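A, B and C are the chain letters, set down in written order, and residue numbers restart from 1 in every chain.
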Amino acid sequence: MADPMKIRTTVGAEYTEVRVLMVHPMETGQRKDSGGNLIPIHFIQEMSVKLNGKTVLEGQISQAVSRNPVFSFRLKGAKSGDKLEIAWLDNRGERNRTETAIA
Amino acid sequence: MKRLAVVLAAAFFSLPAPAQDAKKEIEKYQRMINDSSPAELFELEGESLWKKPQGPRNVSLERCDLGMGPGVLKGAYAHLPRYFQDTDRVMDLETRLLHCMMSLQGRSREEATRRVFGNEDKPSEMELLSAYIAGESRGVPMQPGTKHPKEIAAYELGRKLFFFRTGPWDFSCASCHGEEGKRIRMQDLPVLSEPASARPVVATWPAYRVSNSQFKTMQWRINDCYRQMRMPEPNFASELTNAVNLFLTTTGQGEPYRGPGTKR
Amino acid sequence: MNPFRRKTLAALALLLVPLRALAAWNKEAFGAKSAGEALKSLGIGASADSKDILIEAPQIAENGAVVPVEITSNVPGTRSIAVVVEKNPFPLVAKFDFSESALPFVKVNVKVGESSFVRAIAEAGGKYYTASREVKVTIGGCGG
């Protein structure tokens, strides 16, 4: 089971800032372990942000995004209590989905 | 003569500029990584660990007394290291946590210290707990123990150790951290025996290090400095590490704690 | 298997296939070894330099493992932003698609392998706009 993401939202006058911390090794496949073996490539490939069930943002990312990715987005028309869902899919087919209410 | 003066003036004013620009840009980098840091994840996991029953007695650490009463976390980190009556010694956070793991949870020293420093895939218990507990001291001025005779003795020992040259390279902490203007590659080295330089340092450890994606603590930092000076690595939670930690924290006292840091 | 049953099973199978996100991971683009090839695989044509794309990134990164990059596109109607680190072994780092409910803005931590330009390419109204910033990567400390 993938670790839950940490989502922080700040509602402002013109937009709501969404900050999400994800737990993922984002291995490039170029690192070696202590035994000298290559650590297999393992990274988030796709992510989506849904507001009240509707997809508002999608991302495709590579192994060049840093380990334990931190993203910030800005949404329009979001208000306190609205449902926010962030999901990701990695290269191994593993998924993660975290839901929260806009603060 | 006038021409010479102009040339000299130009040389004088142009020399420090590029170095100053680099310093400003590096400070900007440091601010940016602190703004978008995964450090918070370690605080959250540390909170779960604090509340998790473990050991032969199957209890959590929630009754651990970090100096402000059993289970009191707000401000506890900022008041460490300090003297503890029940153990009759000066203890920093990790030393005290080890004590609680043994006395509250019934764990053996051997088991509780088997893996004090973690790696990027799996942080250690000490690292997670340190992140959480330190986070609970955000905004609190650093005020380690300075009045008890054992605190004074530990401070003195820490100060001696800071300047004590030994090992195959004849290094001391002061070799790198004892003089203005020292640098290792692109990193300016803070003079840790001076309050002005020590304050921002003690206010930002423990910290997430982006270079190895690990959350590191003061016990680790002191240990790794000794390793890099090619000296034997000090024992975890030893009198030596607590003395050095107390010396550093006392030198940096008064600075409001900024929360677990994010560093290169 | 009779044809009717086969058709029904095929239809049922389609229903069971999870609905793919519109933005399925573009293997070709992310596997490209040059920025030009990556952008071509994304269907991104020639782009015009634009001062309306703002990139906030450190000029000097103490470590290339985490380089925070913040991109804002003030080009009206921006629907997507691609992020490229030109000297990385695989230059395409990310591509974001925005609905009308999302501002064309993103902040992300990227790995920069060696000092390089970080480039953002925005798509608006079928046209492409771009800006870049140089990030110098250094090493600090004892290497630990």
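Here, contacts are C-beta pairs under 8 Å (C-beta built on N, C-alpha and C of every residue); 3 or more make two chains touch, one makes a residue touch a chain.
This structure is a prediction, so every number in the text was calculated from the model and none was measured.
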item	value
Category of the chain touch graph - line, ring, star, complete, other	complete
Contact-richer chain pair [A-B vs B-C]	B-C
Inter-chain centre distance, subunit A versus subunit C - centres from mean C-alpha coordinates, in Å	14
Centroid distance [mean C-alpha coordinates] between subunit B and subunit A, Å	30
Geometric centre distance via CA averages, subunit C-subunit B, whole Å	37
Multi-chain contact sites of subunit C, meaning residues that touch two or more partners	65-66, 107, 109
Residues of subunit A engaged with two or more neighbouring chains	66-67, 69-70, 72
In subunit B, residues with contacts to at least two other chains	36, 210, 213
Of subunit A, residues touching subunit B in the complex	3, 6, 19, 21, 23, 25, 66-70, 72
Interface residues, subunit A side, partner subunit C - complex	15, 28, 30, 45-46, 48-49, 51, 54-67, 69-78, 89
For the subunit B and subunit A complex, residues of the former touching the latter	36-38, 40-41, 44, 120-121, 210, 213
Subunit B residues within the subunit C interface of the complex	22, 25-26, 28-30, 32-33, 35-36, 184-187, 210-211, 213, 224, 228, 264
Partner subunit B, residues of subunit C touching it in the complex	58-63, 65-66, 68, 107, 109, 138-144
